[in-house]
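By written order: A, B, C, D, E, F, G and H. Residues from 1 in each chain.
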């Protein structure tokens, strides 16, 4: 009967090791969440810019903070045994989505275009594809983009309040393009699909802001494309 | 077998005492709930002020009613055996949150700023910190503030209907600051976190009201600071 | 042995009678449900009035249909053994709530005020108070009113689409008064309480409609009383 | 709009009265439950009779305790407004079932036969039929009998342990007759039906005890009638 | 704005302290759970005693292991701020119940009687009453006793398989007495009540074992007291 | 839009027809249930046969009562549209199982062998296979057999009490063969499988009765096959 | 290989012999159920993709192309998965296997109802859906009515063999668009003279039976897609769509409130339907309120330019 | 045919172009998940049948024949469904798809554990189970260790080509019964030097990874079958089986109580396990009590004759 006992001892060891690893991951992701909150706080200023706030500077400050994110992802990647990414990925899925959202916001504010997976990967020092090492899962990249559109529709409203009438036009065009992009995907009935269902309200909100500006002659009707 | 029987007799006494105390607490909290409902009724008038309603008077009336609350908290505190606050606190948690919400509303309407824990404690005649006696738990204080923001976003809408265009601007700025405050916290995945997730809708609602006023020239742009 | 068997034979008669009565009640309540659905279909037109639809005529048509309801309640009352109302009332509780909701809707559309218990009782040919015979239970009357507010908030939205800007103002004022009324009640933690918690969303929805109209000058501000 | 307010004030009074009555009923049923526990404790002795315990005396003691039950039922009946029995009966349904079970047990132990509804009503000082006043509902009477059979199957086992071989034979015959009685009933798919489905296990247990006695010659075969 | 920020910083410190204490408690209770499982494993042998296993030695071994438990309770008590026992007690409630269950089992196996609260307190080095310091809550003591009866009814069965016919008789008598004790209690409708409802199955199981032994003459009848 | 309305009118007719058919089926199955209860009452006598009860006569009486069952199945079959058996079969599934159980019991008592599907079909006037018309589903036939074994294991016990020592031997052999038959089947994890899991206890019970008889020399050890 | 369990052994008791026969019947049924269940899962996935495709029609540059693509996919579903299910159900009582294919069928109805709404701006009836799921039997007696009616523009009309997946032994779905059958299949079946469940109307065909209740559940889900489309169309500058959709949804909603007591499933769907309707009504409201701020002709101009982006 | 959705169009914006690429990745993954899920369903069904077969071993005239039949079926499962899963998982991270195959895997472990208990009267370890699910890659480089160890009597040893379903392109499962690999796969993975999840130990093989937690859940279910067998064996006159089984189950039960806090799933299984154990203990008790009425040698006689029926 000794062999039966051995099996259970082995199993106990397996459970212990798993437990310890999860604890270590938790420590890193807690720091990541902290960092995300800090970057977010920096970027919140865009909604209520003080006189003389420079958007470019804000973006620079926020982008620099990704340096610490890189270090944290390095620590995290080190801990994950090769090919066990999906065993533990639920633990960093949410925070990765927020990093994508922030990166996407910075790139749009600075360059007026969609961030690429390559740029996000570079900012966080991870691989683009699963095959090449620790990466940001495609689902999480997409979810991050959807979180960004929600923030942008809010920005469209607040930009008007601050007297900036060009930003909403730019945002509206961008969000429409993103919407067209997502429509190409065959999403399953999962979290991503559910979140995508909300995108149409962001599109609508942005269109409404542009409409408000247009009927008042605050932007030209035809400078949209 | 006498000793076995004794054990059960002792326990029965223990159960009875616990049961009786809970009954007594229930009596006090019922009165508290009643009082909360009454103060709330007084304050509901802010959403549809009659000609000549004075906000200051309303606040005064509501604040005076806290006198009875003080008395009820005194009765309650008396009943709770020293340092068994958390054994029973689920019984008054909800009503305390509502007191905080009402106090916060009054202070904001009157002075345009956030109520402090000290003020709430003073209004209810309780200690600020657990160490100093019967107090309002911090979780409940925060929850009360979050309930207040929901009421304020509703007020922003109704103020416009009543022709008051400055109130929404004030509310929007205040709610934004509260939001920034909460973002600093590292909340666990609990009721507070869930309620905080709802705060963003209040922020957005207020921003949209200000937007509506700005684009129609009913308030000036750039009046943020 | 005989006596045991006899006892059970008696029981069977009792059970059979109960069983048959329930069947008979089921037949009547089925017709009631059918009628409720028909009246509801008539009233659905308010959300999408064709050119020249007269609200007064609609209400008249719907009210006339209560004639059949009266007959059905007569049949039902006849079947219920004196004073066993609460033994079976779960079987007609729900349909009674829907009758109240429809009566409340008609009276509001026609006269702009709250239906009274007396009016509902008269429409259905039942007593107002339990003491006087078959009646609509107070809980069910209140639940019917709460169901009505949801339909009214929907109407506020659709009236605007149909170009009627006064209806929402009237509805908003009415729903607010109902809300104030319910707030006074010390409800138990039951179905009624739960449904009341939903009322605040109807109030808010109506207030936002009035807001949208006011800020665009489609109705005047300060028209609250 | 005064009338709306009046309506709600009336409602509040109604709700308060209902609440208070429920509190009063709760007080009485608590005492009833206490009494039931005490009678049960007396009767538990049948499972482990000390030398010289007289079954007749036990039954007498237990029966005498029903006197207090009579008083409690009198208090309860007094509180229930005429003909609102079924509005509140869920509050005493369970304890009434236990009184029936105890009465049934006493009568069987003493006389070896089924208790009648009349006997139970007399013991508790209530009416037999609904028409004649406060009564024990038939469903609850039947449920009480089913609880009794469970206790009897346990007694069949313990009687053998105490060296009493006649009792199991008597119980088995009695429980079989009860089973035959219940089989005649066309029960709905409710709690009673579910509990009746458990009766077959009691029947089987008793039959197996008689079998054990028979095969060992401790009682004679063919002694069934 | 600074003051708002300060307030939230204070909040964060408070939340952090609470969080850390919970973490420390978790560490100790994890060790306690580990110890409980080890003692349990030692005592499992009673169900399958090898030739020559001495029950007394087993009990001695198990009892000695309580030494470590004493140390752990000392550490735990040290951490709990004076009189915040009930704020955190949900964290050790379950493991305390298991200690009681093990202590109760040992005392019954050794001395054939019920363990006292004093004995349990002494074994774990804690106070008997809340007033005197860190203690085992009475609810948990009782729950532990109820967990013990389930193990005992299992032992009654396995003892027979091992050829020990006296043990079941002793167990049955003991479990019956415990049942009588619990019946006296007026339990609320909580976990304890639910668990107590399960006790009757243990009583019945033990009675059936004694029945099986008696009817085959393996133990004498009438040996009840 | 007229055609859209037609679609819903058609559907309503479909629902009405379905509802009416279900009502008609319910009437027939109620009579079937009543009949089953009556046949069962007749057959219950086998467990406690009075002096001079003839098993053959009992079986004859019970079998004759199947005549009415035939008529009821004829009525039922008439109502079911061709190829819609499985649309409604949940409504008679349970009562069919009971008819199979009773038929199986009669045939075993009379001839000591397993009833065939053909015999059951003939007794009830239905087809054997789905292709040939209204039939008893194989699942229900098998479930009926499993219900029968439970009754037979009970009969094995009671036969001994009545002094009949041959019946248990016959039953034990029969139930064992049935068990072997069921083991051939690949049952899914459904109701049938669950019920089959209980068969082993019937087998065991029968074996134990035969064992009891054998060790006492009441039947020969070798007259079993 | 060792002998199969199903085979009879010489030493079996009569009971065991009987049970070996039972076993075959049970295994047959379970295996068939399993095969149909898997086909249904495939249909679900394909139908979901189809719906995504159709959601791109509003606001597309070339809606005709997308609709043609959808018709192609529907046709492919008929000639593969549905045909396979029809084969499995041949000679069976289809209600016995309804649980196996109901979820795929409902998702398919949602998709195909959406397709017809976009093509023909009306609710397709059950009769048309059912007919497309009738197939000629494999034992091919020459079928007279196999000539297609070219008047039908639906996916069923696409019967050229350009689809490489449509090899010779895969029959095409039949389209009886002559009206002599009426809408018999939405008529109450119990009283109907034909028996569409399992046995098809004549012996030369086989079918996947679509019970009216499954049809109606699919229609309910379709209204969710209508809502999505209406909201999206506002963003695309399409001002009429929300009102047109709201009208359609109100008709369906009112009809559903009439029979919402029929089953728990229908009741649940009705409540979701009501929520969707209110979302579309709110969109109509928003358009009205916002449109009030400038004259109508200017509003159209504004949205037209917006839509061009 | 119209162009597929996945293809790139000239007029796409850069965003749409990027999203078309995303789509392919999503579709690939979802399709793979779906295929594995269906294979898992098949494995579940086959494993349940296997368990039924194994329950007939006790009390059978020819247990060896039944065990051989079971070995055959297990071997077939390896060379069909499991091999297909292994192919699907090749180059993937198997934890990404674990949800797709865990339920089939657990049922399989229940079955195979039961098989080994009946053959060898002991609990088979994870290492042995895992090794049977390692397969040579299709791109066949000559594999040195492909010669089978005939010492192994398990289903994996049956590697002759008599099974017609085992055609040339279907490789046989490999059996590394040499001990140099140790029980590495029950060792804690995170710290282990090898990575059994997805990538197999050398580049010439592929595998279906069996995580220890799934193994243990399967073992828990296996005890339910042990209980069934023990109760059945009493009816068959087998007096020793219940005691032997009870001993085995007690060992497992005690072990489970030690780590029953690891997950809610394990805790639930532990409680079911305890109930099963008590049923077997009650059977042992019944045998003892009933056996007390006559001398032991006579008892055996009685049960032997009973068993002959």
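The rule is simple: contacts are C-beta pairs under 8 Å (C-beta built on N, C-alpha and C of every residue); 3 or more make two chains touch, one makes a residue touch a chain.
In UniProt terms the chains read A, B, C, D, E, F = Translin.
Just so we're clear, the structure is a prediction, and the values are computed from it rather than from any experiment.
Here subunit D and subunit F face each other with different sets of residues for the most part; under half of the interface numbers are shared between them.
Note on chain placement: the centre of subunit F and the centre of subunit H lie 38 Å apart, centres being C-alpha means. Computed from the mean C-alpha positions, the centre of subunit F lies at a distance of 40 Å from the centre of subunit G. Spacing of subunit E relative to subunit F, judged by their CA centroids, is 48 angstrom. Inter-chain spacing, taken between the CA centroids of subunit A and subunit E, is 50 Å. Touching of two or more other chains is recorded for residues 184, 186 of subunit E.
Annotation for subunit G: residues touching 2 or more other chains are 5, 247, 258, 293. All chain pairs in contact, by the document's touch criterion: A-B, A-G, A-H, B-C, B-E, C-D, C-G, D-E, D-F, E-H, F-G, F-H, G-H. Subunit B meets subunit E in the complex at residues 1, 3-5, 7-12, 14-16, 19, 82-87, 114, 116-117, 138, 142, 177-178, 181-182, 184-186, 188. Against subunit G, in their complex, subunit C makes its touches with residues 33, 37, 40-41, 44, 47-48, 154, 157-158, 160-161, 163, 209, 212-213, 216, 218. Of all residues in subunit A, only 172-173, 176, 179, 183-189, 197, 200-201, 203-204, 207-208, 210-212, 214-215, 221-222, 224-225 touch subunit G in the complex they form.
Of all the residues in subunit G, the ones that touch subunit H in their complex are 1-2, 5, 11, 34, 38, 41, 45, 53, 61, 65, 68-69, 72, 162-163. On the subunit G side of its complex with subunit A, the touching residues are 48-49, 52, 55-56, 228, 231-232, 234-235, 237, 283, 286, 290, 293-294, 298-299, 301-303, 305-306, 308-309.
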